[in-house]
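Please read through the structure below; I'll follow up with questions.
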Amino acid sequence: MARMVTTRRKVISTAAAWLVGFLIFFPILWMVLASFKTELEAFAIPPSFLFFHWTTENYATVQERSDYFHHALNSIIIAGGSTLIAMLIAIPAAWSMAFSPTKRTKDVLLWMLSTKMMPPVGVLVPIYLIYRTFGLLDTRSGLIFILCLGNLPIVIWMLFTYFKEIPKDILEAARMDGATIGRELIYVLTPMAVPGLASTLLLNLILAWNEAFWTLNLSTLEAAPLTVFIASYSSPEGLFWAKLSAASTLAIAPILVLGWFSQRQLVRGLTFGAVK
Amino acid sequence: QTTLTVATVNNGDMIRMQGLTSEFTAKNPDITVKWVTLEENVLRQRVTTDIATKGGQFDVLTIGTYEVPIWAKKNWLVPLDKLGADYDVGDLLPKIKDAVSVDGKLYAAPFYGESSMVMYRTDLFDKAGLKMPESPTWDFVVDAAKKLTDKSAGVYGICLRGKAGWGENMAFLTAMANSYGARWFDEKWEPQFTSPEWKKTLTTYVDLMKQAGPPGASSNGFNENLALFNAGKCAMWIDATVAASFVSNPKESTVADKVGFALAPNTGLGKNANWLWAWSLAVPAGSKKVEAAEKFIAWATSKDYTKLVAAKEGWANVPPGTRTSLYNNPDYLKVAPFAKLTLASIDAADPNKPTVKPVPYVGVQYAAIPEFQGIGTQVGQQFSAALSGSTTVDAALTAAQSATEREMKRAGYIK
Amino acid sequence: MGQITLQGVQKSFGPVHIIKGADLDIADGSFVVFVGPSGCGKTTLLRLIAGLEDVTGGAILIDGRNVVDVPPAKRGLSMVFQSYALYPHMSVRGNIAFGLKMAGIAKGEINRKVEAAAATLNLTPYLDRKPRELSGGQRQRVAIGRAIVREPKAFLFDEPLSNLDAALRVQMRLEVTRLQKQLGTTAIYVTHDQVEAMTMADKIVVLNGGKIEQYGSPLELYEKPANLFVAGFIGSPKMNFVTGEIAKQQGGATIGVRPEHLKVERDGQGGWHGTVSVAEHLGSDTFLYVDAGPLGMLTARYVGELDLHPGDRVSLIPDPARIHRFDDSGKSIHA
Amino acid sequence: MGQITLQGVQKSFGPVHIIKGADLDIADGSFVVFVGPSGCGKTTLLRLIAGLEDVTGGAILIDGRNVVDVPPAKRGLSMVFQSYALYPHMSVRGNIAFGLKMAGIAKGEINRKVEAAAATLNLTPYLDRKPRELSGGQRQRVAIGRAIVREPKAFLFDEPLSNLDAALRVQMRLEVTRLQKQLGTTAIYVTHDQVEAMTMADKIVVLNGGKIEQYGSPLELYEKPANLFVAGFIGSPKMNFVTGEIAKQQGGATIGVRPEHLKVERDGQGGWHGTVSVAEHLGSDTFLYVDAGPLGMLTARYVGELDLHPGDRVSLIPDPARIHRFDDSGKSIHA
Amino acid sequence: MATQQTQLLARTLLTPAVALLFIWMIVPLALTIYFATLHYNLLDPGSESFVGLENFRYFLTDPAFLASLQNTLVLVGSVLAITIILGVPLALLLDQQVVGLSIVRLMVIAPFFVMPTVSALVWKNLLMHPVSGLFAWIAHLFGLPAIDWFNDAPLFSVILIISWQWLPFATLILLTALQSLDEEQKEAAEMDGASAISTFIYITLPHLARPITVVILIETIFLLTVFAEIFVTTGGGPGLQTTNIAFLIYSQALIQYDVGSASAGGLVAVVLANIVAFFLVRIVGRNLEA
């Protein structure tokens, strides 16, 4: 709680963390660097790390070729929408399983996960037919719907684990204070589960953001998110490296910003001092 | 006001077309064009699902020579007979035109066409005292590749596709096999992988790559090889003719001024190891915007479009491989030293008679049957295993044979 | 408002029976204290009344209405948890205000009430701290604040003062009683503190192993314990029990004498003789643990300081009027 | 083994000074009790000694060695946390055995010790339960078990008996003392219970607002409190303080008389007169809160039952030998 | 806590999720079962006919089936092992006091941001390529021969890339779980004389049991259907060395638009996933309770 970490230890952890972080991040850094190179330099051996001819040409090309902002907006709406809706459905469900478990809770949880076991390629045709029939092809709501359902089991599972860590006495206290379940969830459970909610939100946002099967197959243009944008850069013919890197960098950028804010919520120790 | 949704592949030429759309809409103010540009595999999956389920998401499709005959027979495509008087169908290269026609009717308008050829480094050849004939034999290529290999300097005699996939290594290997007199199926659809011709093909390929190929060849596809060649790592590269313009573009290639071209190799049996492919524009049956779509297709594949590109971006950038007139155009020939060879390569490939021995299928580096993609991918995996050394040539061929038999039986071609 | 009746209330956790049929009638506005050994089911009973657990059998009536199917939030009770159960993400102010906020009380009103409660509980300087920045006693007071700030049908207190110092405890004890009387709210109060139990309660419930042993006013329990268990449990130090010959002479299977009813004399005549084994000097009192041979260990309280030390011989003279008699089954024999 | 010295120990949480320079010398094998109002810094001081908090200033010596840079695991102390801090995923057995396991004791030995401790703590039936299936008092006993099963240099107890019933508390109190004496281990013990403090301690430390007010034996503190604070804090009910004329007559700015040193007479002569405002009947004693007009509220203890009720007039006669005198600054004036 | 009241309410609150997921499961499942019994090629509409279990027979008798099953299990198992074995220490490291923690944390999570196709391309071409990759260049600097990743260790290379992508997921979940570990428990352990390692083994690790279970189960679900990374890097080859079930279904069924066998393959995959999940739950499932 309040022991100061020795400077030495702090220096060591900092060094270790930055080293590991850098190693893990390196491929992305490399990709971002490539996005500022010419196609030729992107492949050059020996590689140039910083001293190359920096150019933003790739970004210009990318924006000229495809309307980045249109796709980014779609991505934000679709990934954000599906994640939020999934959270709204999942929080009560996870609450229910974490704090009022029955003998079958474990089975229900597993069953939920099993709905994700069907490989999407196996159901593409049926889903496509259904979407065509209901006019959901190339609509944002159609994509939000399918991504929301796809992520729902994951969201529930993650929230379930985090909720399980929260002392139930506190929720009971809220109940004694006359809080309805809704208010109990909003005022007590949710704020206490902030780190869990933040990481769930973040991870599912990314999953939705990067979901490339349904988004590619069920959208055409109007609703097409960034996956479609990216799919127009991994070209089978022609050198595409720098441009793909630029497009990918652009595709990551918004979620990086979001990641920055949501991961800051992973603060330590929200439940301390609550119970004896 | 009509809005056309055009699904297209993300190749340079298509993207250029996208950039020039305004020229079309300026002339046709009642038509708006929207683009869906996708990577090849995604595009194929997307377009196929849509057309097969009548999803109606697209008005103009970009498809290859593989799909055209299959889809046309299913009546999924609108025959393009209203392309306009000045379209000049006769100007299309005959091989290409054949590839996109069924029963004499044009079902797709070729946007650009390609075959394959040899690209090689003139400087390295000179240094080694070798001279590339215009139409080399495999023996020459193999021999030269070995001589040109200098692993310590990071130069490899030859770069060839090795990554598994019907459109990756199998495109190349099928074309190569054709030149060795092999074929996929006999007239009764019996797979032919146990034939000596296939064995010769694969043995040559594997030995050659082992001795003169770059490391990691079994996962190299078009792009990887292009990168290697442009970086000066390959003395020879046999691949699509469109690559010619990339390797001679100084912005992308370090060896732009040292590239020579030759016809794909042969073994003297009358077939060169070259393929034929054309990305073409087609209109799905059931479309309610056929008229506008045809207008657009006519514009995009017309001679005028070629001129438009030439005016805006220079002759080097016009879509190649579709029209005879282009290859008679002195302006083009001046900037494209590979033009003549490209034309010759395209002429040398005949989808209707791809192999030395007769075959029941259409297509040079593929067989235009729906089952081919799956079979090709499986066979491609076996061959890339042989290349990586994880299996022998014989075992790979046996496995390919049985896998193909299995699929063909299931599909009902053979009992 | 606030009459609570238990009718044959039972509770099991799986195969373990915790509450074995409790019948109890708590009058509106009365102050009832639950006492009993650790683990006897006091908290469980409180939680049953609160609605935080389902009864396994029996009925709970609040104001005559069976509430077994009413959720806790609707029962209109407030509770101090033994484990505090504070809201860790809210300040002290937020913790205390939460119930009022839920009841939809106006902001100004809430502030006024919270500040009044904080003042009562000596918490004013800590109003803006989070629970994790408080000491144990401060946390416990926040838990009390959360309960008393509201005006429920009944207060349920689960050992609310256990972590407070003596002075504060006396103060809180008076405050709680004052508040309860003033509001006329029924209160159920669990405590292990004899003084609290005796001084605060209108009636005391003695629980043992999930059963109610006796229910009566504090002095009733002190003076007329129903059985050995109650006799031993009420009063500290514990009543001395003597069996055998001496007990028979007095007319019981067992007789009991409270330490305060044993007169201590240095080597005096009469009474029971023994050797001091431990002498605890509290200043105000001295507790003597005397080894009385065949009678066993006896405890005696001497008021004031007594300069006795282990090994000293003493005689203990029981006050004849204050001897309790019990029969074979442990029941009290009343003259 | 186990001599603990604090030298000018200070601790702040950010800008708040919690411990303002504590000097203390705890002899090897002695039993020291910390008392003080809620929030005065007892837990903090214990955590400083344990090494769970960094000192902001000063030094802590264990057996003469400055341990401020020694991590808790290496200090060789064991601790009962005020909040228990049980391991939720381990059974009671696992909780108690953990320290022994860490010390690399043999399995059989561990089992023997754990079972002995559990027997002492009346926990035997619960050995295989998880903490969440225990009552508050049972949890607290597990926390005690975890500490006493080992043989550390010193025990640190933070209100270890607060959730136990009176009988059990007496029993535990005796057990803990017996164990401590038997092992000869130094013990530091935080409690709010006057009886515990007075009976268990060799020496008591009275803390107030982060400062040590007095350090001495229980009777020293009871009889010769150093100042008003200690006088008021030690003893329950609290000492009565009287200022003004009467105090001056007795030779102090303030005089103090403990409730037990006020003789209660019904309307008697002499002494101080007043009206009973509250009468608390404990059975063994009666506490009277008497409104003595200009003298303020006075508390008196009467041993035994006294049939007095609010409104009755009484006179309170202080024992002249037991009057405490304090000067203007609150310091004791000793004759 | 577990009162009937709350139970009833809990059921009610669970219903939307269960109902939605039920529909989401049952509709495609029913259609898939139906299609799986048909000869149905999307490229040949109108020729549908009932073939019974033929599609299953066809899928299961594929000589590639066993190899791909093995690859799938190796891939899932290895990635799980790598992500958890590295994820736990990484989460612990990020739980320390580190200067610039937010930035480091973001860097560690970042690989998850990159779309699978893109990250596979980055690794394959920019890093692992034996001629033009950075690793080859580094090896060269040290005078070592370049490793021909996709040729000599294709499955391992794929595992490496996928592990890199999923490590952030494991790390983040574990890190978040560490946040709810009561500091006082660790303090109590310290007082009990536990070393840092013992505290980790006896206090932290049991606390992480449930999140680890969740990581295992969720990752398994995703890893069983890994496809893009394989498609982009090796195309399932060389040979069958990197063909997993998902890729097999793709290559056999989807690129031929054979809906019948795609459905059959999908169902087989569902059954396999359930078997895997069943065993996983056997091993780690008790952590879900209580």
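By letter and in written order, the chains are A, B, C, D and E; residue numbering begins at 1 in each of them.
We adopt the following convention: contacts are C-beta pairs under 8 Å (C-beta built on N, C-alpha and C of every residue); 3 or more make two chains touch, one makes a residue touch a chain.
By chain, UniProt protein names: A = Carbohydrate ABC transporter permease; C, D = ABC transporter ATP-binding protein.
These numbers come from a predicted model, not from an experiment.
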item: Steps in the shortest chain-to-chain touch route ending at chain D and beginning at chain B; value: 2
item: Leading chain pair when contacts are tallied as C-beta pairs; value: A-E
item: Centroid-based (C-alpha) most distant chain relative to chain C; value: B
item: Whole-Å separation of chain centres (CA-atom averages), chain A against chain B; value: 38
item: Gap in Å, rounded to a whole number, between the CA centres of chain E and chain C; value: 56
item: Centroid distance [mean C-alpha coordinates] between chain E and chain A, Å; value: 15
item: Distance from chain C to chain A - Cα centre to Cα centre, in angstrom; value: 53
item: Where chain D touches two or more other chains at once, by residue number; value: 13, 51-52, 82-83, 136
item: Residues of chain E touching at least two other chains; value: 1-2, 6, 9, 42, 125, 131-132, 182, 184, 187, 253-254, 290
item: Overlap residues in chain B, where contacts from two or more other chains coincide; value: 41, 45, 49, 53, 154, 223, 227, 231
item: Chain A residues within the chain E interface of the complex; value: 1, 5, 9-10, 13-14, 16-18, 20-22, 24-25, 27-28, 30-31, 34, 42-43, 45-47, 89-90, 92-93, 95-97, 99-102, 106, 108-110, 112-127, 130, 149, 152-154, 156-158, 160-162, 164-166, 168, 171-172, 181, 195-196, 198-199, 202-203, 206, 209-210, 212, 227, 230-231, 234, 241, 244-245, 248, 251-252, 255-256, 259-260, 263-264, 266-272
item: Chain A - residues contacting chain B, complex; value: 38-40, 43-45, 64-66, 124-125, 128-129, 132, 137-138, 216-217, 220-221, 224, 228, 231-241
item: Residues of chain E defined as touching chain B within the complex; value: 41-45, 58, 62-64, 124-125, 129-132, 146, 148-152, 154, 231, 233-241, 243, 251-258
item: In the complex, chain B residues that touch chain E; value: 41, 45, 48-49, 52-53, 70, 74, 154, 163-166, 168, 214-219, 223-224, 227-228, 231, 233, 370-371, 373-374, 377-378, 380-382, 384-391, 396, 399, 402-403, 406, 410
item: Chain D-touching residues of chain E, taken from the complex the two chains share; value: 182, 184-185, 187-195, 198, 202-203, 206-207, 209, 290
